[in-house]
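Here subunit A shows up in two complexes: once beside subunit B, once beside subunit C.
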Partner chain A sequence: MFHLPSALRRWETLLLAILAVVVLFNVTRSPFYLRIDNLVNVFELSIEKIIVALVMTFIIINGEIDLSVASVMGLAACVVARLHADGVAMPLAVLVALTVGLLCGAFNGFWIAYVGLPSLAVTLAGLIGYRGAARILLEDKSIGNFPEWFNALGQRPLVGPFPLALIVFFVMLIAAAIILQRTAFGRYVYVIGNNKEVARYAGIRVKQVKMRLFMASGLIAALAGVLLAARLGAVRGNTAEGFELDIITMVLLGGVSIFGGSGTLTGVALSILIILNLRNGMSLANITGNTQTGVIGALLILSVLVPNLVGRLRALRSRMRPATTGPTPQPAQEVEIS
Partner chain B sequence: MIRLHKPIASLIVASLLLGACAAPVAAPQAPAAPAATEPPAAPAATQAPAAPSGEVVKAEPGKAVKMVLLPKFLGIAVFDQANQGAQEAHKELGNPEKLEFLGPTPENSVAGQIEIVTTAATQGVNAVMLSNNAGDQIVPAVKKAVEAGTKVVTWDSPIPSAEGESVFVAQVDFNETGKVMADMALSILGADGGKFAVLSASPDAANQNAWIAAMKEALKDPKYAKLELLDVVYGNDQSEESYKQALALVDKYPDMELIMAPTTVGIAAAAKAMTDEGLCDKVKVSGLGLPAEMVEYTKSGCAPEFALWSFVDLGYLTYYLTYLLATNQIEAKEGVKFKAGRMGEYTITKDPTREKGLRVLMGPFTVYNKDNVDK
Partner chain C sequence: MLASPDKAPVLEMHHISKRFDATQALDDVSLTLYPGEVHALLGENGAGKSTLIKIMTGIHQPDAGEIVLDGQPVQIANAMQAQRLGIAAIYQEPMIFPDLSVAENIFIGHAERTPFVNWGRIVREAEAILGRLDVKLDVRMPARGLTLAAQQAVEIAKAISLQVRVLIMDEPTASLSAHEVEQLFRLVDALRRQGVAILFISHRLDEVFAIADRVTVFRDGRWISTRLRSEVTPEGAIRDMVGREIGDFFAKTPAAQRGESLLSVRGLSKRGVFSDISFDVHRGEVLGFAGLVGARRTDVGLALFGIEPADSGEIVFEGRPCTIRSPEQAMRLGIAYVSEDRRQLGLSLPQSITANITLPLLRRYAAAFGLLDFKAEEQTAERYKQQLAIRAPNVQVEVGKLSGGNQQKVMLAKWLNTAPKLLILDEPTRGIDVGAKAEVHHIINALAQQGIGIIMISSDLPEVLGMSDRVLVMREGRQMGVFDRAQATQERIMAAAIGGAIPDSPAPRADGEGMA
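Take a look at the complex of A and B:
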């Protein structure tokens, strides 16, 4: 049990080293990288994804997954657009969209927490169903012409050079860090992710925790969808399509175990910084398209492979150590990797 | 239980995630989709350089302007051809800067185009040539780029509201497409006419639908009275599906003599289907196709005639116009005339399909047959 935290710390050290390399590469390769407007762009171009990545971290640590987030984002954006086009006041439209997101999350949560269906299946259904609803709302149209204040919130700086969504992200990051690392609820999230049965016998309300997590996921995804609508100034049925994969990538690269029970927000924050800065650096170096996708894909494969490989090597080494109480091992043939 | 689930779950998740890095899943839509026009807001202010109106401006070569050619996504032959044309013009005009050809992946097209426009503005690129795949969602990024001094010219597919866009270079008049298809049908079926069916892309592809509607309109002309349109079916721009749909048409309509496919994917699939099944003597194929993909079928007589505009020329013309705009030799204004190298003179006009837009119409179609298909 005690080697786990240190392994994680090592993972974060590795992330920090990767981040340093990426930043160094960017600084030396492009004179535009360190400009304030570019640094704001680094975040702004993916801001909705990283907001959702925060809540996805909780879900995956809890041993679940939410594949429906991008569809909820799209649905919320389409609800806002549809209602606006039908003459509903914008603040009310936003409120309805957030409520729809919350209900989507509650729907997912109900089947997962109370009926006991696997989240992979339930949220996959959500991914398809909520996207379908979004497409029905907008058909093949694009709806824009939002009020000026709404567009301004999405597209113009609010405080200093920072737009609203960036501020929302940083506030949520701090809140999430406190909840996950400093509260009882945060501890429950880990314990349930480690072993649901143990958690139940320890008196943790497993169902309630899961339900809350999925409702939060729906609500925050809807908020991100509304922010996306404001940033783009127009919405289509396919808005935010495919975002769930980028979001899950960020969380997994951050060292959160897909089996639940381990991972930290520090790791996820570092992974977000790596992916965003890597994308930006490659764009500034005029590397786009498949090369960019390939580099990030390779990074993800590494993030899944390395921890597993390290774990296996460690297991192998402890099996071969003669001092322990296990059966006498065969003569050590393999080379030890230290 | 848990031990059993983990490997399965991780396999599924891994394959889902890898899907994100894999090759294009979605069938790329044939280029050029004029979307529904939206009520636009204030247009971008134009600058005030340039020659007196009415005069044809000839480009002064050798000016250094950083330019980016941005297709809907990478990996599509016609966009590579557009790049080839743009590079040709780039060399001709002796622009000492490099012309970048940058594009997103198909599954990340909207976000990718926004990112590339934003980054171009940061880098101080003078002009972006955009085949827009993001509808009006690209507008905030384009407006910011224009504020930063980057000109945005669209080609192949415009910005619906025209906001931020200087000019749209249209390949052909969309109404003309319908007439060209009707003419080809008449030419293949002969004066006695005959029955034909349309194999289109997807039921909601805006451009194909507009072309088919235009063709139906053209067919009302008494000249085409002996042509009978049997059906319109959809192959969703997937080769295999289009292939099956073509064969299904043959089964359903024994007296059908022609399949008209206004999509490069559909026409090639239909021609292959007829060839494979030895049906070419009975059923001919026509529509919009890429010469490189159609050579075999045109030479064999299976697809005696088809049409397309040249994407090489589209890239070439777009580069000339953009170079002239970015170097302030002309301004984006109705009635401005310019010379585009080997392609001759063009005029900036109002875009009849978009309330606030300006366009340069390239036209006309090239009709390919066995004499010019491999040229």
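Take a look at the complex of A and C:
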């Protein structure tokens, strides 16, 4: 019953083709690539980022952005470390960290949804402010010595070869896909991203939807921060610094329009697979981190460029018809409808 | 003062035609402007005035016809070229850069192509131009905070700095106070003395008669008359503006009997927008809202739907007093508002027919675990596709790809699906072709017969007259009267909308509620 416009199909087909090339390259270049521990490792090194990317997908489809996620991750990790160092029980410390994340998200959401400030500015302030709070908490110390069970959660497999964070990711991926594609809330996210006024004129509580998204973003970022602390085993004031750009890259490469209103989790999942496998493959092939970053940057440019060029060509061809979409034609345009 | 025919015309437009999709916006119209004349152009909404302006300023190209400037045929390919030819337009809302100084605003269009700006010269020349217009402004001050009238003076100065020959003024007085209008008219006089030809567009007949040398009337994209001011009366001008046959496809079946009162509004006001609006809508009745663009009819609709709630006044719905503060609340009461702006406010264009129709009630389609029942959604959409004859291959088609008429039907379906008791239709047939228009009228008729109360805001006068049981006329945020079907003639409605004297009605019986 899924109806996807052909442009979207083509975009995700393109991602799939890129992924196939990357995997093929990896298989031929390294005998270690297909080993299960390497495949788990592919995910593990970026697991916290890809968890946050799922929520970021909602936010960008909604026509907003959250630049503060990495700082919230760092702050949550620092809160856990600080409280632990001060003798607070670990479960309570985690709970406090998650609450702090939720409050950070609520703070962002309030200014964006109810006051109407641009999310770019509000969350940029959050990026700086929450990071500042994290640095104040830990000064320039590195705090570790977490209980053994906590480190184990981050570092050892929990079920089969899969660590906790990976399980969290897959559960969240399924939940996010269902919410986005199959619930009224998900539909509202798209409609608001397309045109906030149309949503308002249809009686949708636009402010509430935005508020919830930013609160979810704060909470999930904090969860990712705690998982990061467990995996690293030690936390510093600059933990997770700069992650927001990697996260946004994953979402945009997945075909989510930066102008809002379009994109799918399928696309984002494919783009995550591409980025992670590309990095893993290049590492196995002893390509340096700097080169890796360059390659991914080129990929992102192409991902924005190609659909725009295609869209412009199409617009040229049908110039007689009035424009029907937002400022930039994007590959993915529609929620699936039964 | 009068344009003397012995002078050579500056601009002649011969047999201009322009078509947009199904609409013949201009049909073989001609207009001649002489230097030093103020030429008023009158016409209802949709008469073709804006299209003519856009052709004169190079925004649109005519399909047929010839433009002659100083005896030479010219093509006006774009706005830049219009400017070079000395044709400029100023609008109701002046286009001012608030952070630039007055002088910079005046010379914004044509800094010389040298690397450095000669500030001294710009200031001197700006002062000289304003001096000629007898306007006292500090040209070094930022334009922010200037009154509307002063901003228009800056716009006029800008036009003069470009050696304007033909100045189009499109409803320049619409937002001005009486005193500011006087100032503006002094500027217009100054321009006239300098030999500029002025095309003056206004809905206010008194102003037109105060300033124009000649008066041209358009109707339905056609030229109707051009007369010297001394030869035309306000009544004659109104007759020319509205004197068209009403097509019989507008016929509404008159309400069999007036149902019980559904909505009763008393003294509804919103500061600075509209004031003291009072009317009733009965079940099964179509109440037309007539008036010119800017009469604030849409704002009353938005207040009733809770988008921009009113400040004061009483609303009684189904016998219960209520305040409406959000669309959600209005929807719960059973009020639906079909916006005039399909593309910006009414429809989510990249989404499917189905997604658009089910949007207001989407939560009703949630089954177990809040999962949407796609099948039920599709059934709803299919039902309306059949009922309203929405022409599309299937209900998954993006709404943005449909024609205007079909988009309008999707909007109607979207709101009918909320099972409204009161349906507010804002310009329900704007920009759709004649066939689709008749279909929409047919649907409105059927809805009224089912007992839905309908408020139909429309700038299409024959439509209002043909479809309404009663007509409420607004002008600049005020209610000018409510006319029964029998009393509502084009002349009376147009007179009320323009603010002229309302001619005697065939059956002069004051309407019970709210002749203002």
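Everything that follows uses one rule, which is that the second predicted complex is superposed on the first by the 315 of 338 C-alpha atoms of A that agree within 3 Å, B and C clash if a C-alpha of one lies under 4 Å from a C-alpha of the other, contacts with A are read in each partner's own complex, and residues count from 1 in each chain.
The rule is short, and it goes like this: contacts are C-beta pairs under 8 Å (C-beta built on N, C-alpha and C of every residue); 3 or more make two chains touch, one makes a residue touch a chain.
On a predicted model such as this, the values are computed, not experimentally measured, just so you know.
Here subunit B and subunit C are compared by how many residues of subunit A each touches, and B touches more.
Of the two partner chains placed by superposition, only subunit B is touched by A:Arg236; subunit C is not.
Legend: residue contacts after superposition of the two complexes on their common chain; A:Ala202 is shown touching subunit C, with no touch to subunit B. By the touch criterion defined above, A:Asp86 lies against neither subunit B nor subunit C after alignment on the C-alpha atoms of chain A.
Contacts of A:Asp37 after superposition on the shared chain: subunit B is touched, whereas subunit C is not. Partner subunit A is touched in their complex by these residues of subunit C: 307, 326-328, 330-331, 337, 339, 343-352, 354-355, 359-360, 362-363, 365-366, 370-375, 377-378, 395-396, 398, 400-401, 414. Put simply, subunit A touches subunit B in their complex at residues 30, 32, 35, 37-38, 41, 45, 65, 67, 118, 120, 140-142, 144-145, 151, 154-155, 231-236, 238-239, 242, 245-246, 248-249, 252, 258-259, 279-280, 283-284, 286, 288-290, 293-294, 296-297, 300-301, 304. Put simply, subunit B touches subunit A in their complex at residues 5-6, 9-10, 12-14, 16-21, 35-36, 38-39, 41, 73-75, 100, 102-105, 107-108, 110-112, 114-116, 118-119, 122-124, 135-137, 139-140, 144, 160-161, 204, 206. Residues of subunit A touching subunit C in their complex: 1, 3, 5, 178, 182-185, 187-188, 190-191, 194-195, 197-205, 261-262, 324-325, 333-335, 337-338.
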